[in-house]
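Should a chain be cited, it is by its letter among A, B, C, D and E, assigned in written order, with residues numbered from 1 in that chain.
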Amino acid sequence: MSVKDMQENWEPKILVFACNWCTYAGADLAGLSRLQYPPNIRILRVPCSGRVNPQFVLRAFQRGIDGVLVAGCHPGDCHYVTGNYFTRRRYLLMQRLLQYVGIDPERFQARWISGSEGPKFQQVVTEITEEIKAMGPNRKMRDV
Amino acid sequence: MKYAYFPGCSLSSTGLEYDMSTRKVAQALGIDLWEIPEWNCCGASSAHLTDQLLALALPARNLAIAEAEGLDVAIPCAACYARSKATEVEVRASKEMEQTISEVIERPYTGKARARALLDIFVKDYGLDAIGTMVNKPLKGLKVVSYYGCLLVRPPKLGFDDPEDPQSMDSLIEALGGTPLNWAFKTECCGAAHATAQGEIGLSMIERILSGAKEVGADCIATACPLCMNNLDMRQNQATAKTGEQYNLPIFYFTELMGLALGLKPEELGVNKHFVNTSEVLNKLNEALTRRDTP
Amino acid sequence: MNEITNKMRKIAGEILQKGEASVVIGWEKGTFWYLSPPAFIDKVEDVDRLVWDDFCHNNLSKYLVDFKYKEEKVAIFVKGCDSRAFNRLLQDKQIEREKVILIGIPCPGLKDQDQAKTLGKEGDIPKAEKCLECKYPNPLVYDYYLGEKEELDEVAATKEAPNYSDVEAIEAMSPDERYEFWTKQYDRCIRCYACRNVCPACNCRECVFDQTCVGWIGKANNSSENQFFALTRAMHVAGRCIECGECERACPMDIPIMLLNKKIIKDINELFGEYDAGIDVDSKLPLGHFDKSDPEEFM
Amino acid sequence: MKRVGVFICHCGTNIAQAVDCEKVAQNAQAFPGVAFSTDYKYMCAEPGQDLIKKAISEHRLDRVVVASCSPRMHEPTFRKCLERAGLNPYLLEMANIREHCAWVHPDDKERATLKATELVRMAVAKVIQNEPLDRSTIPITKRALVIGGGIAGIQAALDIANAGHLVDIVEKEPSIGGRMAQIDKTFPTLDCSACILTPKMVEVANHPNVRLITYSEVEKVEGYVGNFEVTIRQKARSVDLSACTGCGLCTEKCPTKVPSEFEMEMMNRKAIYTPFPQAIPNKPVIDRENCRYFKTGKCGVCQKLCPAQAVDFTQEDQLVTERYGAIVVATGFDLFDDSVYGEYGYGRYKDVITGLHFERLVNASGPTMGKIKRPSDGQEPKNVVFIKCVGSRDEAKGKAYCSKTCCMYTAKHATLVREKIKDSNVYVFYMDVRTPGKGYEEFYTRTTDQYGAKYLRGRVSKIYEKGGKLIVRGEDTLLGRQIEIEADMVVLATAMVAKENAAELAQMIGFSYDQDNFYTEAHPKLAPVETHTAGVFLAGACQGPKDIPDSVAQASAAAVKVCGLLSKERMETEPTISIVNEAICAGCGMCVTVCPYKAIELKFIQERVDGKVINRRVASVNSGLCQGCGACTVACRSAALNLKHFTNEQILAEVDALCL
Amino acid sequence: METIELTSALEQGKDTLEAIVKESGVQVTRCYQCGKCTGGCPVAFAMDKAPREIMRLLQLGLVEEALRSKTIWLCASCDTCSTRCPREVDIAKVMETLRIMAKKKGYITEKRMDLFHNLFLKSVETTGRVYEGGLVLGRNILGMQPFRDVHLGPSMFLKGKISPLPHIIKDNGEVKKIFANVRKRGGNV
């Protein structure tokens, strides 16, 4: 296979940290509603977006992930009352820091997706997949 | 205290006495007014109905000149204030707007120079207590209704007082020794340019305000807007002719009342230039003072 | 400076004499004239070792952590940055206020050690980079004070807006340029952890990077692992960094660590409102609380 | 080496038509730790579960991965299955290959199969790290607390008490009764409010299982479901309740007059007073802020005259701490401050009043003995204007929400005016008339048809005074014309808003509230009386605007939830909670500040260091309070805190497995 | 009474409506037709359509009808409506936008108001300021009301309130440039 072929056949792999109560349920709803999206995302279930340690994100990049999405309940709707407010602060900083060291902003994103937002889940992961596909494989921070 | 001074077009013609009294009062209080050299019309009340960018750009030039001088701008005319304030707020809200405006007027303006209503400057910056100590001919017994009109308080994000029941002019009248009366038409529209362009409509709006003031027993109306002054003073005759009601309500710029209370002569303030006779009010004030002087 | 050195020795002597503290932490002359490492004085006769000069770089507050479980009191000299570190440690509950005697020293800004080495004693040695933009050269908290009160006021009046031009220069690069820049830096890292060891914001009992069982980080000394370390540490000291610059000074490989810390400080200020770590002991850590009206970019 | 069993479900054709299940099962064989792998048509059905059980014993499996539908659907099913097979239920992981795979990727079997394989690989990597976890149980304190003694609190307390449980009511005011006591009549039946409320007040006061703690406030809440520890401040009443006979002599002789809050300040009360005649307890309280004795040290008339010697100026606030198994919050509502409407002149014009003023004006025991007189001059108003949605449905100056009750009480007020003043005219400015309640629409129809109230569709723009009349100006939007009405009195249908200190109480107990400070229910449809905090329930208008029947219904519902809880001896808790590695913990307390449940506190442990015993500060998780969100695990830099079942090791293993 | 064929009206008015929403920054759908704007409008008595009705027309896509109304020309820009609107709809801004758009389309239902504004701006452009004497004169002659307010003229003159000649600011090149720059950016002056 030539390099060109490899690039053409390349499919990005995207990790989605989804909180159990909102985004995971939103993804379930997308399924129940048979809303199609590209098969590039892998959901990792956590109780709350506030459980997502920035080190998990860094580790994923080290291991060669092409993109990471952290998703949780909308502010004010957190099952654990305040978890996502901390998520918001933490990842506002983290996002800027990652960009600062050269990670493209498309590769790390955060979104609020509620349990009733199946269509939004579909739309968000479709967009992210397309953005990352357009950029090609991530080679930054990769532990080769 | 020093401010850039933007008199605006009306104050050099129909609102001459507003300009005269403003300068005299500022002088008496020791406020330094630096007239913006070669200021231009702010565009009120036509530009914003014709083109939004023009409406923002015209006042911007004056503000930019003041900014270069490092001064905030004192604006007596309510309409000029509202238009200038709108520009200041928009420019401060967005960098993009700042750039557009600066390009159009070909001068830098960042929103640093603030548009300030003269009334607000007297009440907030100078302070009512300080004004009170300067009063030597208190407006004793003078029943005044404060007429703010539209543009000092609306829209709320530009105005400096409560849009429904503003108090600054009332408290100023009180500090001058007068009696501010509560009334329902503080912020009712006088018809603005309608009186000029749409006589009938304008007149009905004027009547409503005049009878409202009469209803609460006012001796006179205080205003901060040359257009309101024009409508209420110059056209009071026409209103009388239409309704048959004798209003006899002198209209004063609040600066004229300030000047009188500070002991300045009516002529210096331009009080003699009114259409509605002011002598009754002036006599009343003198009488009250004489009564006080002879125990 | 001599005057302050004298005062230091005098007060240290008194404190030890009276038994107010069992040890006084200060600086002494090191192997070279441009080094003034920390000194731990526990005998009155040793107080003359203490010095105050252009090279008293070490942030002494960090050493208080070593005395956490000792019963006796410790006296310590603090510059502006040492005092901010002290406040931070207090906030992190790593020390107790009443167990420490703080002796404040107004700091005129220290000199660059590396330059000193090359320029020699007689050379015109420039200020250390970390001291150029110092907002708080004077101690914010102290029990004794070895300067004039006026100096404090003067300094308070000349506080300037922080200069982020170095951070902005990197922000202005393209993502690939930025990545290249940082990779070049962290390729050099030997993971000696000197930055961590000297940092008063790094006050964990056991650092995650020492926890091999969990596998937070691999043993390999490569760019990827080094960046994982750098970014994780930057996040861990977010809101805690008091800008003493010790990490960068301690780094044997000259990695511009403060460029990461300053970026976070800049972002915290922009995102969550003005915050300087270690100024107000009652303030909450930027990542330890939230505001419902924080910027909303994740819709 | 762990022995993982992998079970791929076809879900009929739901999964199988988009994912090659057989292939996934084959692929899984190769994953480290997998000892057995198979696929089957319906894993959740009886035969499927049997298959799992059989495989567990035959292949000595100690971990199970089921790849099927969402764990939100069948995790409990398969956990039970493991339990029946003798395995700890927490040794299960699920890979969601239906909702997250087959159903969303129906047209690309190859890549869907690849994705399913990877999801299984992640689950296998995680399950290898799973530990057996045990659910623990905690005892339950058999007493409930009701905060607020209005109609909702009274109803909840009565229902709990009648079920045989002990219950305390804490009421801030000197008497129970709440807002309903102020109201004159109730819609749509026009029953006298006091006539139906007072018997309930008496019943609850006399109930052997109920204790009233009036003139008191909750000051601190600690603990967790089944074991709340509540500190209550009993404010100094200055009257010994056990000695006082309620004869009323003190009130009669007290020389100090104060505007009565109960009468909306349209009448005076004394400094020593009972808020209203039917108050319970019907014993006075001294308002120390206004009492002459407390202000000047002189007077003391009440004390001198009291035949029972019950007046005690030396009383002080008392703090009592009680334990409760459950809490019902029924703190009610406040009224919106209408003075923000400068254009309506509330506060400037005496005859512009609120609906609650009107309730007192029309009440037979109110300041006018039930004769409607306008406040300015005591004249009977002939033209009365009602304005609805004042403060409600108003994003600019008020609240965005509908206050729900105003349409009906305004109809009631209109009816009462027309009934009491025969030659009156009643105008009601409205935007919509909302009458969704039994008999409500009929009542409204009567108001217009039978009582002749004129309904005008439009929001009033301005009210001003002219010639002793209030001129009300608005638009009749159905005509498209400006209208003016010369009114003698204007009644504003004021919005219901959350209590001033609502947020404070919610933070104290630890549950959430919305942007308007109304308390948030756990689920708007399916858990409308629960909060997100176990053991804390909501009743009445503290949750959102409600009328009396809604409040009473919700109170009874909350009571049932409380009874359900109190009827158990012990309760089970989820084991997926945080744990502290004390050896690592530096005791910085970051975890304490981020925990939304106040489940972590710092404690001291003793340790030997260099031969000396020292006290070292470390974090400690209260397993009853921790809900397992994991916020603390990220706040802890040194990872001294970890979340069971979602440990750092587990998540890292999943990340690694995905990226292989 | 004419029946409105709503389906096609909505379709036809779509683009103009979008332009109005974009220009004014006001989401017309937010209006819930309570009428508080109209109730307080000081000029409503003279209007052919209440301000609320203008908003309704826009909601239904009947943009043409709104653009041809007298109301948009009679609005005195006093902002009472916007200030009182419970949903914070800036109705005055909508009126402003409609008027600018009507002018572009050549629908000038109130010629005298339009004339006034034209003369006003002409004066600003040529002299830098408004020459009120000229404004009154020009309006009368061009507006076919030659004798309106003439009785006021002499006394104004005597009181020094109208000068016989316009005041022209020295730097007027700058003001002219502002007009030119606005036109360059597609301004509607």
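One rule holds in what follows: a residue touches a chain if its C-beta (ideal position, glycine included) is under 8 Å from a C-beta of that chain, and two chains touch if they have at least 3 such contacts.
Worth saying up front: this structure is predicted, and the values here are computed from it rather than measured.
S.K.: Could you tell me which chains are in contact with subunit B and with subunit E alike?
M.R.: D
S.K.: If I count C-beta pairs in contact for every pair of chains, which pair wins?
M.R.: B-E
S.K.: Which chain is in the middle, if each chain's centre is the mean of its C-alpha atoms?
M.R.: Smallest centre-to-centre distance to the global C-alpha mean: chain D.
S.K.: How many angstrom lie between the CA centroids of subunit B and subunit D, rounded to a whole number?
M.R.: Chain centres of subunit B and subunit D, defined by C-alpha means, are spaced 52 Å apart.
S.K.: Report, in whole Å, the distance between the mean C-alpha point of subunit C and the mean C-alpha point of subunit D.
M.R.: Once rounded, the distance between the two centres reads 47 Å.
S.K.: Which integer distance in Å separates the CA centroid of subunit C from that of subunit E?
M.R.: Between these chains, centre-to-centre, one finds 63 Å.
S.K.: For subunit B, write out the residues touching at least two other chains, lowest number first.
M.R.: Touching at least two other chains: 163-164.
S.K.: Which residues of subunit A are in contact with two or more other chains?
M.R.: Subunit A, residues with two or more chain partners: 54, 59, 76, 82, 86, 90.
S.K.: Pull out every residue in subunit D that's touching 2 or more other chains.
M.R.: Residues 343, 462, 594, 635, 648, 652.
S.K.: Please list each pair of chains that are touching.
M.R.: Chain pairs that touch: A-C, A-D, B-D, B-E, C-D, D-E.
S.K.: Would you mind writing out the residues of subunit C in touch with subunit A in their complex?
M.R.: 170-171, 175-183, 208, 216, 218, 220, 222, 224-225, 227-228, 231-232, 234-235, 238, 260, 263-264, 267-268, 271-272, 286-287, 290-292, 294-299
S.K.: Sort out for me which residues of subunit D touch subunit E in the complex.
M.R.: Interface residues on the subunit D side: 343, 389, 393-398, 431, 457-462, 473-477, 480-483.
S.K.: Give every residue of subunit A touching subunit D within the complex, in rising order.
M.R.: Touch list, subunit A to subunit D: 11, 13, 15, 20, 24-25, 27-28, 30-32, 34-37, 39, 42-48, 50-54, 56, 59-60, 63-65, 76, 79-83, 86, 90, 122.
S.K.: With touch defined as at the start, can you tell me which subunit E residues reach subunit D in the complex?
M.R.: It comes out as residues 32-41, 44-45, 49-50, 52-53, 80, 84-88.
S.K.: For the complex, give me every residue of subunit D touching subunit C.
M.R.: Going by the criterion above, the answer is residues 583-590, 593-594, 602, 609, 612, 614, 616-617, 635, 637-640, 648-649, 652.
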